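Chains here go by letter, A, B, C, D and E, matching the order in which they are written, and residues are numbered from 1 within each.
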């Protein structure tokens, strides 16, 4: 028999208290789109559910001194309509645009997407590319952890028992973008995703770059080799073969119901190239109409 | 007020010991004792009972459920023992008891004349008595047999004769903190007899008029006689003066006729939805005559 | 007031809001699962874990011991665990069309597909029922199984069924002319192998319903179904007379053929009988996908020969159909596929052979199109291959070969209705090519355009002797009660009947109230399958309303004649025409009955009703319509009329292909159909748009079958088109008045999802040069094909 | 899904005190208490038939934890119909455009459309298609649904800046 | 209003219910357990239509607080038959067409069953006396009395 308990956590103090008290058994629930499905299919059982959807401190999106701070319980719909993010962190904004569907975005949260740590978590690659840090809260203390060190494996993170993601923080970066390949235009768990944050010098060559991909490894990954390879290269004229070779070290795709490993490996450079192109804000036409992020037009308007 | 639901808002208490029950009666206000409930719940539904805050169910007090011949220790009654009835003993439980049927035939008859099986499976004699209806069928023969009630409160016990227990319709000797804990029917002497007659519109209905007679015979003389009647006065009536007047007299038809007329003259019945006072007065003498004859015969006497 | 002619319609042809639309918009419509009865138990089915196995033993003791469990049933508890599958036909047809129907798997017998029902549980809560199922111990002896029909028909193949000697369900053939001789004359012969993938209905409402015991041993069900007549089979299974198993059915949240077989009804009835309590059963989405029918996967071989000018001289088709674990409607679907194998073209020499076989995959049965979309995909792909090889336009090749009025079908029978194929092709091609086709989109994607025609029957197989009955009662306030057992799965089946009656009696649709879908309280209209309801029940409506209309008209004529002609002031004489004259000019409109030439002379509808009622005239009528009756043809050489008539379609499509990722998107769709007469314009367009999106989805929806296991068994993995995946659909509605239905209407439900799938794949071929021989094209498929072509 | 936890929330304007299980979804809570206008098609956040308003925002009630809604407000289509002018206009448009066939997706579809019109609402067919992409429909092919929402969006736009 | 958790065994099925102190057993059986066989006829113990079996005794469920019935083993009319097999009294009522409107029959059959458990050879008078608390307005009781006689005989194996 499914036995769960429920505890309402109206504020940070109470959620920390509850998380410490129940440790591994504790399961914070803000939106619930992943948790509820796992409860229904039996993957989750006898847990202490902790309702954190009403904690004000975990909500909201702030921009101060070049830094963007997003509360873990912030709804993804807020990200998708934020003019601030469209300008200051287009990678995250684009990902939010194509996240599941508008109704799910009204309840799914940023922290929930990251904490569930699906290899296909759409918000992870852009945040990795934006070099985001997580603020993790625990009774009697908090710590900052780079997102890159947060994902350990499929549905496996560095969260210690009693710990909660409070917020995610990253420096604004207008030159960032995201590209998703899915089987349909909504509610499609990604076949593969790519995010890029690019800084170019006057002659167009890449001076600083961060790349990340989803659905191509047990966890969302930074593509360090590809980054190394691209330093100094022309952002808009990348040799796809060479990029593919570099990416071989970064990704380890598998066959699943959505696509084969071969296809994912072949798509990696293609998506990466498009993400970089978008990040450079270069050739608009390169941004395929079908896959163009939904509101991009509006963002500009 | 309809009979579909109980509108009154009360707490239900279920003490498991008599001490607990008596404490409740002492401390709380507006407590109603629930035994069978066939009267209490009915009157609560129809709103004829005023404000009730607590309903105290005494059926969980095991020690109160008995109906048997018992020795002195248990109920402190007269020398040669008595048939004792606990407050939660149901009417059918009492009527089915062998000793009672043997020693108190009129009592059994009165009980079986009450309502119907399903009611008697729940209703209690104590409840019937405490309900203090002028027509309490079970009280009429009990008065004749000289029943004695034990009333108890935290302050102590006291014994009250059944005929002195009633003060008026629905009114009894019970103090606020007291409850009836025992009914003792003294075992009648050898050559004695009793009778119970009930007239009602339909069998299960409450009596239009009822009569109980108990005679202790000494040869052809009436050693002791007790006559009681229901539904002829504000309370079950023990016709004391006339009954005591018969002591020592020769039993014969003239005495029977004279007594009947005396009783008839003494009565001041009322009219109600069951019948009118003229009928009650007219019938009363007929019942007395019949009752005396029957009781005398049951006492082994003959009539010329 | 100009003269009123009875020929111009008031409601027919308009965009009439359906009578049940408001209830559905307000959320008041209660479906099969929207019902709770006091003390209701919850039913669950224990389903086989293996696609192929021998059922050695079942131990239900631990399940029965679980507190709160009220019944655990296996095949041994079913009075008649075996019967034959029937689909509302009025007589047994034989010739293999009635396959075995086994309620629960029997110990000692074979499990035939993963998900086959083994045991039933009823418990106080859904969770308890679920746990009880888990406590039932089943001793399986897994078997190798067979998952490809082409292997299944071989002699040494694994036998799927423990009740049959061979896996072959049925063989059939249609033949015309002299093929061997025709091949010599061919300038070009194109041969291709095709595979059409299984296709899930994915109606939004999963199978569900409830049932409860009646006072005197009867059982009433409340289960939405496309075939009310299943009550006969269920009664037999329970050992009850037909009178004691009633389905007080309700509209469905979609059916598409998937609710044509029995779903929850028998299980509910058995659990109600066992517990004597109301029982409710609702299948989860996963259970629905694994446990109900699919569109038949087919392996087809097409060999088509054309002469130098592009006229088709010969076509040879051979089809192997995957019937899955049980027979159900496979033989019936096979008939449709075989007689439609050579398509909507005038081909003198043709042969189409088909064989269907059991496999250990989920069983196949009806799915919108009933076997025709599969063959339609193939022959329309053949046409494009031929056109490309001959170097002529696909439009031109089709225009040369399309069937026209008077041309015989493959079975030699000349269709009774109008054939509008050339008109549809022309209008679609013109609309598709209104604007010049760009080579590429600004974002670099390659553009392609494609076109395809389609032909599909409406009305059931004629040898079923199909009928429909409707009851109409005119109320004394002038409103009308329409009683019809018409199962409404969302196609507006009941609403169109109300519209027809309203049209005939000059009322508004809101004045006619359809009471529908009760096996014993409404006359049976036959099944809602085979796109037959408008044709069959529409005509039955006319048959029912006609006598009433005449009775009212005759009374109205009398009233008008006697009271509404002026007196000659001079002579005091009143000239009055005779009744017959007036009768000829009466018009029913706006709740009145008018004398056409002088509309001033009229009488209120309700007044006429009062008069008729006053004189004891009958205000009730029941009408029946019979389809053409034939006998079961020789299955080795199918000849004659198989279906009442055909409906023709054409789809034009423009796609954009992202060559780098293989992802393609449909930019434009032109959908054309000859509906004979659009009784409710919104509904015709709705079917055409819905059918188009339904089989547009066929190209992306992958059940991912693997050795009989359905890997994509949820809405997270089985992806149907969302609103963002379907472009605007430009519809072309041709009204040839050449249908057999009321006002010359044709059926459009199933025909609507033909020709769209091949049109898209033809467009992809136009964009990329790649010839795909299956509708299932995922981005990966297209990408890998592009890669192969490059190397 | 009965249970022992007490939950109090406002449903369609009426304060309700109900009982549920710790892990029950808002959808189960609603349907177990007779709100049959909220439909269930997949129970995992894909089909959108269970869409309701939670504190005025459209959510898929099958993936919302019921207990998280304690003290909050829920509106189902039946609680919006008479009450909310925008919903009534959408209902009328859906009926008139023939955007309703089997009707199983309609309650969720109308609530999703209302959510879009209340927040973004531009009369742009592509935009509307993306807004409705969380609500699956198998009967209509979406065409007339988009027409209906477009019509109301256009009316609103003309009213706003008309 | 105090609330009480009670356990009832009704027709063999256990129930755990929270009842208000003023809730009557008849209403709990009808409105909470949906056993609508027991009927409300008068609410004051006169008509017998609400009779149920408490163990082997016939009791008027309209004059019993639900909380009093905690722990009872109750049989209602729905529990008398064993599947399709009616109990002898029910069968006799059918055979003697003692059922007209049928509203009193649940109470009548329950009380008769109690009688036959108490007395396997009741005289006509005894039956009449025993059933005097069960009103019937349609049949005039004749066929019912005969039915109880027949049932008694059958149960004695005659």
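Observations, loosely collected:
In the analysis below, a residue touches a chain if its C-beta (ideal position, glycine included) is under 8 Å from a C-beta of that chain, and two chains touch if they have at least 3 such contacts.
A quick note: this is a predicted structure, and the numbers were derived from the prediction, not measured.
The fewest steps needed to get from subunit A to subunit E, moving only between touching chains, is 2.
Within the contact network of the assembly, the step distance from subunit D to subunit E comes to 2. Among the remaining chains, those touching subunit A and also subunit C are D. Set against the C-alpha centre of subunit C, every other chain centre is closer than that of B. When every chain is reduced to the mean of its CA atoms, the largest separation from subunit E belongs to A.
Think of the whole protein's Cα atoms as having one middle point; the chain whose own Cα middle lies nearest to it is D. When the C-beta pairs in contact are tallied for A-D and for C-E, the bigger tally goes to A-D. Chain centres here are Cα means. That of subunit C falls 53 Å from that of subunit E. Subunit B and subunit E have centres, each the mean of its CA atoms, that are 29 Å apart. In whole angstrom, the spacing between the mean C-alpha positions of subunit B and subunit C is 81.
In subunit B, no residue reaches two or more other chains under the touch definition. Annotation for subunit D: residues touching 2 or more other chains are 43-44, 46, 130, 133-135.
Contact between chains, using the touch rule, shows up for A-C, A-D, B-E, C-D, C-E. Considering their complex, residues 1-2, 4, 21-24, 27, 40, 42-46, 48, 51, 54, 57-60, 62-65, 67-68, 111, 114-115, 129-130, 132-134 of subunit E touch subunit B. On subunit A, the positions that touch subunit C within their shared complex are 1-2, 37, 101, 181, 183-189, 191, 257-260, 262-263, 266-267, 270-271, 285-292. Contact residues of subunit A toward subunit D in the complex are 2, 4-6, 8, 29, 31-33, 35-37, 39-40, 49, 51, 53-54, 77, 81, 100-104, 106-107, 185-187, 294, 298.
Touching subunit C in their complex are the following residues of subunit D: 1-2, 34, 36-44, 46-47, 49, 76-78, 81, 91, 94-98, 100-107, 110, 125, 128-130, 132-146. Those residues of subunit C that touch subunit E in the complex are listed here as 38-39, 67, 217, 276.
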